[in-house]
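My questions all concern the structure below.
By written order: A, B, C and D. Residues from 1 in each chain.
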Amino acid sequence: MLTVANLSKRFGGVHAVQDVSFTIPRGCVYSVIGPNGAGKTTLFNLISGLYTPTSGSIGFEGQEIGGAAPDQLARRGMSRTFQNLQICRNLSAIDNVMVGAHLTLNSSMVAGMLRWPGLSRADRACRERAAALMERVGCGAFIRADAAAMPYGALKRLEIARALASEPKILFLDEPAAGLNHTETHGIQTLVADLARSGLTVVVVEHDMKLVMSVSDRILVLNYGRRLAEGTPSEIRENPEVIAAYLGADAEED
Amino acid sequence: MTHHPDQSLPRSRQSISGPILGPGSRRVVGLAALAAVVALLPLLLPNAFYFDVAIRIAILAVNGIALNLLMGYTGQISLGHAGFFGLGAYGSAVLTTHFGWAPLPALLAAAGLTAVIAWGVARVILRLRGHYLAMATLGLGIIISIVLGNEAAWTGGPDGMPVDGFSLFGLTLSGERQWYWVFGGLLIATVILAQNLIDSPAGRALQALHGSETAASVAGIDVGRRKIAVFVLSATVSAMLGSLSAHYSGYINPGIAGFLQSVELVIIVVLGGMASIYGSIFGAVVMGLLPQILAGYEGWDSVLFGVILVVTMIFLPRGVVPSLATRLRSAGVTGKGGAAC
Amino acid sequence: MRFFNMMVGVVCALAIGASAAQAPAADPVKVGAVLSLTGSASSLGDPELKTLEMMVDQTNRAGGLLGRLVELVHYDDGSEPGKANVLAKRLIEDDKVDMLIGGTTTGASMAMYPLIERAQIPFISLAGALVIVEPVKRWMFKPAHHDRMVGQRVMLDMKARGYTSIAMLSDTSGFGQSARKEMLNVAQKVGITVAVDETFNPKDTDVTTQLAKIKNTPGVQALFVVTFGQGAVVVTKNIAQLGIELPHYETSGVATREYIRLAGPAAEGVRLPAPVLMVAADLPDSDPQKKLSVDYVREYESRYQTDVSSFGAYARDAWHIWVNAVTQARSVDKAKVRDFIENTTGLPGTSGMINMSPQDHLGLDISALKIVTVRNGKFAIAD
Amino acid sequence: MLPELLQFILSGMTLGAMYMLSALGFSMIYNASGVINFAQGEFIMVGGMAASFLSAAGVPLPLACVAGVMIAGLVGGLVERMAVAPARDAEVASIIIITIGVSMILRGLTEILLGKRPHALPHFSGEAPLALLGATILPQSLWVLAAGALIVLGLSLFFGRTRIGKGVLATSYDRLAAQLVGVDVRRVLTLSFALSAVIGAVGGVVIAPISTVAYDTGMMLGLKGFVAATLGGLGSGPGAVFGGLFLGLIEALTAGYVSSAYKDAVPFVLVFIVLVLRPQGLLGAKPTDRI
């Protein structure tokens, strides 16, 4: 479904991502892991159009999408969440989710001003759907809240609801469990599994190994911007290079 | 649908069983109240001067709402918005005076021209953020007012030029009482259209890009195009308003496009409340009445005005209307909204 | 919706409160004035207001007008013509004044005029431009020489002294730009070439650039600076700094002692056309303008402890034109007063002998403008 | 033509030094607090007015100048404590409105206390112009240039050598981190306002003999300072110096060679072009978003 080939991104003299290639099959949960600064988020930003690749190609459903703008990628069915939350704090929680449904509605300004026939009905339906999504991701208690008044854990779920509202074909979750406690992380884990069961392709960047190992079908390991390994969770767990990179100098001394 | 019990979210789920509050449910009341005020105000206004003040408040309010769409809702500051008002006013004045056009086509042409200029400018400056955008728009407004002041052959220079009254199909608007209904109607129409827009998917997109451009673009919103569109919309409304008010007041000078006028509009938006339509109306009422109330206290007027601005912004930093609304709500006066959050 | 109720309440309270507050207690004659007391033209508006207040006191001390006291209602337009329009409406509709003085600036006067004509109320403008009285506007009059006359007077003096190629430096204010246009017309008519035509912003802190250009233009015989207030001071000091030896002319807009005080020795030798006010003491006793000018200067300076300027004097003349008309009409009826103002004849003022007519709402001729020069820190009649 | 060009340059440099001092004030406050202080021009005016008034009242000139600058510094600190600090968490637009309000208060109070008439200070060292290759310059202009240079030097020492100066720098990089390492951030913010008022007031005092000063002279100088600071890059010290001098020169050269009618539009056209080509100003750092 998504094919990345020889992708590189340089910031000044720093190679954030270097010559990375991998393929994500449809309907699987694909995780990207690696130590801090390994280039995971940069990779996400490249794929979702926030950064332009220095070289390499990104193919989505057989078409080249490298360098396309984020909103064009959204049209093609890509959606994502953010490591540093990107919540619209000037909107209510449910409006944040409805922002995700932008492409499913008539969003012409003229139509909006004149209350085009059918627009209100479609918007109301969208609101019901957004409420249902908030229920589904587990922040249904905040349906009437202002986004600015919500706790961190709930905002993480709100972002997932927003990402789902665009009815994506592929969903990117950037550290969905970062900053969450054990119970909350477990909740996210169940949610990701649930999403995967519904047939969605999910790509996860995550530090929490327990979560990664339990939900992933395949795992990509990055180190210093390069691909270190790729495989099933059990292959990765036994890969000596991955162990060395993760355990660092300590492992070598032992 | 699967539910996951989650102890970190202590709230009971009963709050979702009621109707989900849409943004439109409080609108009708507000609009009815506004219409009532506009309709009944003439009974209280003793003479043409008060009508004039009311008209000027309506002009400020419409202009404030236009700027609020850009600043309050979309988050793009403009310190040069009076420039567009001036372009509209002078466009109409020049076309009617020097070329003998009828007022309505002149108004439309001036608005169209302003839209084109705003579009061209927006394409380049809306990439800027924060204070840099403020600087660029400030510069734009000042350039417009300098051009209006220098091209004396067309505009009469710094002393300004006279403008004919507004007539359509042989009928001429005359006197404050007639114009009152024009601007009153315009204000109500503007409130309706602006609220429609804000409550629509398009309006949500604008507010989303204010909250987070990244989130908005990932959700499929073409951030650049949206910013340009709302800038052009806001500028065009100001231009049309400028045309009308030029015909109303009968005389214009470059001061109407100046920096102080732009600042006045920003004050209306911020004092009343960013992202609040009624806030802009409130701001316009304050800005329209204060100079008249303070007119007798020359020297002190500037001090008092400054003190009012500073004190309001310190104690009601989000602007008068939103800040008070939050306080009333959290005090449980309206009895809704508070419980859910 | 609570805000709404609140707003309605505020508006009503203010409207009612304000209308109750201005219910007439007695029955004085009301004069309205819209002046620029702050902003760029405040150096003009300030002496105008001071003079009007002094005039009101004088009139009331002398028993008022037609047995009624006179009351002055004045507002500040902040040098913004747009505001002048609203304030004029307020004076006419709400304060119900019997006549209007003001419009310190031409922009303000012109912005007010559509209302004046609709309300049919006599209006004496204190601004400088020709457009105020030409073409004649039925309800608007003007006690001060307009810019074309000032230009003519200066150009005549230049011609007499043999200058045929001059440089002009005008400010970008309404006054400067309208005057610049007239000056260029006059120059063409009398056969003087304007070899350099530069402008500057009256708020500029330095105009040596424009002056250097003038200095380096060959063949220029004199320099005419068209501005007022602070701008003139900066220009004059810069001229001295660059060592420009050209004869230096200013307009009547700088006929204030403050100019001499701020510009200091740099002002020595500057020539300008001025109403006799500045040199009244030097006039022969037989001159009908002498006594009233000297009296005005003495009273003004003792009352306010500050220098007189020609702008205050225009306000003085405006007042007398009106008082004269009201006395003759034995009424403050607007139409009657207007007719009598239009028929003012042989009235001496600080600007000259005033003789108005339906074709001339100024009533002054160029002879009333004297060319004065700064000598030993004082204005003196030139030559 | 050389003397003419030289005259334009000298005139532009004097003007530029003035804009530079205004721009430095903007940048200093922007750096420390992220606020664009629309009352910066009023600080300049307060300094000049206070000094002129004291000097006219018989206070010896040097003392009057120092006192004028100190008064402005005091006003700057008070403004921060009373108007800006209480609104620390407000949005940018609200703080802009606060500083606009402050400028109105300062302008109005000056008008009420010291009157509307323009004031002049005596020239510090005579009015006899100095000739230089056919151009002339007033001794006072040298004072303006010298004051500008001294301030720039003083500021670099202040930021580079003193503890409190380093504290201001640290606060501008990361307020929270500065707080953690023991910088008294509140004091630093007050200080930055006082200091930028002092810088502005020095400008007001040295320029007053040349241009006179009145209660309403602040706005234009403030606006030009904002333009200069933006040109150079908001918050950049060298940017403010460069932006101010550049602006002064361009203005003088435009008036000299192109059109004096449009010279006031030139700074704004210029800043427009610069921002379009380089949105962070000429010497400003490129902002980076972390996503």
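Simple rule for what comes next: a residue touches a chain if its C-beta (ideal position, glycine included) is under 8 Å from a C-beta of that chain, and two chains touch if they have at least 3 such contacts.
Note that the structure is predicted; figures quoted are calculated from it, not measured.
Visitor: Averaging each chain's C-alpha atoms to get its centre, pick out the one most distant from chain C.
Guide: A
Visitor: Which chain wins if you rank chains by how close their C-alpha centre is to the centre of all protein C-alpha atoms?
Guide: The chain sitting closest to the overall C-alpha centre is B.
Visitor: Can you tell me which chain pair comes out on top for contact count?
Guide: A-B
Visitor: Averaging only over C-alpha atoms, locate the centres of chain B and chain D and give their separation in whole Å.
Guide: 32
Visitor: Just how far, in Å, is the C-alpha centre of chain D from the one of chain A?
Guide: About 47 Å, centre to centre.
Visitor: Report, in whole Å, the distance between the mean C-alpha point of chain A and the mean C-alpha point of chain B.
Guide: Spacing between the chain centres: roughly 38 Å.
Visitor: Between chain C and chain D, what distance separates the C-alpha centroids? Give it in angstrom.
Guide: The answer is 35 Å.
Visitor: Multi-chain contacts in chain D: which residues touch at least two other chains?
Guide: In chain D, the residues touching two or more other chains are 111, 261, 264, 291.
Visitor: What are the residue numbers in chain B that touch two or more other chains?
Guide: Where chain B meets two or more other chains at a single residue, that happens at 150, 214, 299, 301-302.
Visitor: What positions in chain C touch 2 or more of the other chains?
Guide: Residue numbers touching two or more other chains: 37-38, 172.
Visitor: Would you mind writing out the residues of chain B in touch with chain A in their complex?
Guide: Listed in rising order, the residues are 1-4, 6-9, 11-13, 15-16, 20-24, 75, 193-194, 196-197, 199-205, 207-208, 210-212, 214-223, 229-230, 233, 275, 337, 340-341.
Visitor: Under the stated contact criterion, what part of chain C meets chain D in this complex?
Guide: Residues in contact with chain D: 37-40, 42-43, 46, 172, 198-201, 203-206, 208-210, 212-213, 216, 229-230, 233-234, 237, 240-243, 258, 262, 264-266.
Visitor: Show which residues of chain D lie in contact with chain C when the two form their complex.
Guide: 1, 3-4, 7-8, 10-12, 14-15, 18, 111, 116-118, 120, 127, 129, 135-138, 207, 210-212, 214, 216-217, 220-221, 252-253, 255-256, 260-261, 263-264
Visitor: Considering the complex alone, what residue numbers of chain B touch chain C?
Guide: Chain B residues touching chain C: 26, 29-30, 33-34, 37, 41, 44-50, 52-53, 56, 149-150, 152, 157-160, 162, 249-253, 255-256, 260, 278, 281-282, 285, 289, 291-293, 295-296, 298-299, 301-302, 321, 324-325, 328, 333.
Visitor: Considering the complex alone, what residue numbers of chain A touch chain B?
Guide: Those in contact with chain B are residues 48-50, 69-71, 73-75, 79-80, 82, 86-91, 94-96, 98-100, 102-103, 105-109, 111-115, 119-120, 123-124, 126-128, 131-132, 135-136, 138-147, 149, 151, 153-154, 162, 165-166, 181, 183-184, 187, 190-191, 194.
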